[in-house]
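Written below as structure tokens is the structure these notes are about.
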Amino acid sequence: MNRPFDITYIWKSVPEILSGLGVTLQFLIGTIVIGGILGFLATWARLSGPKWLRAIVHSYIWIIRCTPSIVMMFLVFYGLPELLLGVFDIDINSWNRLYFVIIALSLLFSAPCSEIMRSAYLAVAKVQREAALSIGLTEAQAFRRIVLPQALVSALPNLGNSFILLMKEGALAYTIGIVDIMGKGQLIIARNFGGYSIETYIALAAIYWLLTLAIEKAFKLAEDKLSAGKQPLRAA
Amino acid sequence: MTIDLAYVQEILFLVLKGIPTTLRLTFIPLLIALPFAFLIAVARQRNIKILARVSQIYVSFIRGTPLIVQILVMYSLFPSLLNVLVRSQGLDYDVFGINPIYYAYIVFTLNTIAILSEVFRSALETVDKRQLEAALSIGLLPVQAYSRIVIPQALVAATPNLCNSTVNLLKSTSLAFLMSVQDITAIAKTEAAFGYNYLESYLVIFIVYIVLCSLVQVFFQLLEQRLSLYKRGRTVTKKTVMEPEYYEDVRKERYHAGIEEYS
Amino acid sequence: ETTSEATSSSAAETVEVTTVTVAHTQSSAPMNYVDENGESTGYEVSVLKAIDELLPQYEFEYVPTSDEDLLIGIESGKYDVGTKGAWYTEERAQKFIFPENYIGASSIGVLIRSEDAAEITDLESFAAAGKSLVPISPNNAQYNVIQAFNDEHPDTPIELTAADVFEIADAYTWLLEGRYDGYFAVKTAYEVNVLAEGAPYSQYKDDFSYFVYEALPTWPLFNKEQQELADAYDEAFLQLEEDGTIDDLMIEFLGENTFQYVKE
Amino acid sequence: MRMYERSDTMLELRNIHKKFGELEVLKGVDIAVEKGDIVVILGPSGSGKTTLLRCINFLERADEGSLHFDEIQTDFSKASKKDINAVRKKSAFVFQNYGLFDNKTVLDNVTEGLIIGRKVPKKEAIETAIRALEKVGLSDRVAYYPSQLSGGQQQRVGIARALAVNPDVILFDEPTSALDPELVGEVLQVIRKLAEEGTTMVVVTHEMTFAKEVANRVIFMDQGVIVEEGPPEDIFGNPKEARTREFLQRILVRV
Amino acid sequence: MRMYERSDTMLELRNIHKKFGELEVLKGVDIAVEKGDIVVILGPSGSGKTTLLRCINFLERADEGSLHFDEIQTDFSKASKKDINAVRKKSAFVFQNYGLFDNKTVLDNVTEGLIIGRKVPKKEAIETAIRALEKVGLSDRVAYYPSQLSGGQQQRVGIARALAVNPDVILFDEPTSALDPELVGEVLQVIRKLAEEGTTMVVVTHEMTFAKEVANRVIFMDQGVIVEEGPPEDIFGNPKEARTREFLQRILVRV
């Protein structure tokens, strides 16, 4: 194959790509926190809220899951300021664009996140909660101390999937001009008129993979810690 | 800013033609991925030495690298490589004539396998070990024990996450346009480019995805209800207690055969 | 007169300064892009910067963004003006104000293998030879050019494949290995990737040959409310064309003045 | 047979009804238990004993009926969150299936209700827990997880967990089903001692010996109703109802 | 005490060792069971009874020792998949914790091993299943899921499930722990009848009456070793070992 390849360029592009890391981490963490809280509230409402609230939350999750991310991005970037201005007379047009990215991603993340939590919660044996209540723990305590840690064991791999997907959502930020590591890579390639694209993408992939390995490592530790006392499904 | 409804209608009709492609791009990779993902999940769960290790690296690599990079490799580099191979074998096969949708299938399948393997792994965590043991003890083979007892129970916890993944996949198939595959997003974008009717195009895309994703969600919701019947315990009615059909059938036949020994 | 006011800096403080948000695409070098330092640049952006200097009543602020956001943003008024190498269509003219003067011209040339150079010299001969083109993004002016060509030559159309092209130099390889026969390349890109000293494909420079088909004029797009701004642009643009700034910028970013290839 | 000083009613249920779908499992059950009483509930499999205990602790919501628990007086259909929590704080449940916390060690299983539920300081809670575990002969298994225990060991952790929180009322659901006779005797001692200290207990059991030796009142249930109740010597010695006689006959023949 | 015709050894274990981490739970156990035998294993909680049964069925892999099961002869460290499957096909296990399939109704729990494991036609399987369920008094619960059953009902489904597959050897782990005395008697009848038909059974139980009435050999285990074994009249009437005497004493005092 007559494809030019300049291995040193991989190295050369790394510093500039890394200058986008701050943005990536900001929207990743921001979304995990806000989207996670939203998802948690949605789960709670769906499992033990009053009927009307359950219906609302169910539709919310339903619609969000149907929404393509680019559509959500534009709804938030254009619709939300209009809405806030029209209804509450609050002007958020001057906000840092990163906030819009975080809001859009949080909404998108909250729905699958809530489904992950719901399925994990339902998978914990009923008697675990009952036993906790019977020794005088309140519902909240029973949930936090007994049910949640067990539910997390089965939620973690799915949350891991979601976090990693989220981290790679830079393309979405790029559409409104927020440049994360992926965006940096694309800027470099554009400046080179497409030259050294493979080298640049290799650098990008390596950086993403390293970040993924870090996330996976953290999840593995959490999983090992939380699954204490659990007997893995292994045939004798 | 106004939305041109007539134009929305026009694009909608054009976009409908892309639905089969979008569905193919979703369900073919999904169906191929299911068994592989499950095998990886089992291998990792049961810690089967080399297999578990290799799958772990695979999952991490595929999840960890941007889809666009995988598309670059699969769509841009892979055919060139294949071409060199075919040539070196002296074959006369037109590698570049291959419909790029196949590369799209490969990329999406590889990704779906990685994602679903984690979904299944977590689902298997929810099944009590004793369920497997009980199945083995009445003489089911491990394969049967998994398929009849463990998997149905694991699927209850897996369904909402399978739904998440399917819906995500459905939406991310729009990336196939990078490989010149004409799915619904591709058609809408091409239409939009001419008159810059992006608002209308995105509205149409939104509508179509709402319909498609809703169908997927309905399917998985019904599936979850069906699979978790045993957990909620279906409401006991007089009928289910007194005369479940199969039981009645057997009783009747016994009666007619004159061997009704139990009344 | 406004022009004299604008040029004389002494009058500047008497004018109320309006901030104008200028959107531009971030990855369409050489027309619009973001440099190593995160600064907006490119041919079109540079022209607008020069225009800003001529207009004391306006202060331009640049926002690099994507094609989609740029269009929706200008239409909704989030951005006052935007530039993305947009070409003119009737439909677009209903949504945006196109000024009198186009800002640049995107030269459309086709890169082919040298072995075909004898046979192919223009699009007509390319089409007649039944050659295939590397897929083009429908967002790109080139897409429109081929569509127009096909409309004019219904008997020998060029097969046109749309793809959401991501900017990669692989098209050069594709030509070499015979996957496609022609690549619609901006001349600058060809120069940077093939002709220049130490360019990634310089070792194959004899394998390629390039012909220019035409240049398609590109316009900045103004929000429907910004007629006044558009007028100010037109005036300033003519001035820049006159004093040679445009020509300088063309040479700087595109290597040549592409207006010469614009067909009327 | 012992008689403990009786102050007043600790626990009283009136007219409990509970349906699962169409199946009526409890058909109007009344029970009154005095402070310090050990009430044993006997009855064939599926007669509603577990369901009754679960209703007392609001793990199952009875469809009808009223509950009086110490100062708490409420209707099952109306019971507020506050009432429910108060009842649970004052009682403990030993589950038929042990119901240990799978993600906690033996020690943590026992201290959980103390440290979290009752805000006992950690050190004190551990001491109490170890004392409770010693009573059931398990102080050498504190660091094990439930999945690493034998059936009998798990059952004993369940008992220790209930004892440790020192509740006013303990509800035992077949607390000795997985225990060998040696241990049954030991648990019996523990229960007697608790009663002497004033703890009220309701025990569902199939062990007749256990019932005879420990109860000061025996209730015989069948098909969701109380067939007969009274002091053990009456129930075992001179049952009035035919159903009770029939049930006891088979046992007495065998033992 | 019955003596059944004895053909030859059905099940033989030699020198079984099993460790969990550092804890040696089985320390060299030897057992030989003839066809049609009912062997009862007694022993205090945690002595390794369940672990021993689990090893026989390969639910736990013993670290050392050999197994002879009908024609199968293998070493635990070497046993092939084929051996393991063969052993499981010929045996059934009644779990201390019932171990019902949560996702299957009572009827399906019982037919599963027949239809899937043994390829019995569906109709025939249902008939067999219903007969097995009738034996344990549960034919009116065929359409229930395990979560809708009382403890005793679950245990009986577990027994019916094992009976239905008509295995050569049944391993019972405390099969009557959740049953009332009436039902214990019935299960005892069932087991006796099976033995007469030639089924070999190993029963772990804490019910001494059960042991006395049904066993033709009793094994007393403690701390991972067999302390004493023999016919029930010897073990109960005239135990040789001090540990056995001590264990039995406490029971005999109480019963």
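By written order: A, B, C, D and E. Residues from 1 in each chain.
Rule of thumb we're sticking to: contacts are C-beta pairs under 8 Å (C-beta built on N, C-alpha and C of every residue); 3 or more make two chains touch, one makes a residue touch a chain.
Bear in mind the structure is a predicted one, so any value in this text is a computation, not a measurement.
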Inset, instruction - Mind listing the chains that sit against chain A and also against chain E? - result: B, D
Inset, instruction - Could you find the chain whose CA centre sits the greatest distance from that of chain A? - result: E
Legend entry - Centroid comparison with chain B (C-alpha atoms), farthest chain: D
Inset, instruction - Express in whole angstrom the distance between the two chain centres, defined as the mean CA positions of chain A and chain B. - result: 20
Inset, instruction - Between chain B and chain D, tell me the centre distance in angstrom, where each centre is the average of that chain's C-alpha atoms. - result: 48
Inset, instruction - Mind checking the centre-to-centre distance between chain A and chain C? Centres are C-alpha means, answer in whole Å. - result: 37
Legend entry - Chain centre separation (chain B, chain E; CA means) in Å: 43
Inset, instruction - Would you pick out the residues of chain A that each touch at least 2 other chains? - result: 1, 3, 70, 74, 125, 197-198, 227, 230-231, 236
Inset, instruction - Give me the residues of chain B that touch two or more other chains. - result: 68, 72, 77, 80, 128-129, 133, 136, 156, 231, 233, 236, 241
Inset, instruction - For chain C, write out the residues touching at least two other chains, lowest number first. - result: 68, 72, 76, 166, 168, 170, 173, 177
Inset, instruction - State the interface residues of chain C toward chain B in the complex, per the touch definition above. - result: 68, 71-72, 75-77, 86, 89, 91-92, 94-96, 135, 137-139, 143-144, 161-166, 168, 170, 173-174, 177-180
Legend entry - chain A - residues contacting chain D, complex: 125, 127-128, 130-138, 141, 145-146, 149-150, 226-231
Legend entry - chain B contact footprint on chain E (complex, rising order): 57-59, 85, 88-93, 95, 97, 99-105, 107, 112-113, 116-118, 123, 126-127, 130-131, 134, 139-148, 161-162, 165, 167
Inset, instruction - Could you please specify the touching residues of chain C with respect to chain A in the complex? - result: 26-30, 33-36, 38, 63-66, 68-69, 72-73, 76, 78, 166-171, 173, 176-177, 186, 188-189, 192-193, 199-201, 203-204
Legend entry - Residue ranges of chain B in contact with chain C within the complex: 1, 68, 72, 76-77, 79-80, 83, 96, 175, 177-180, 182, 186, 189-190, 193-199
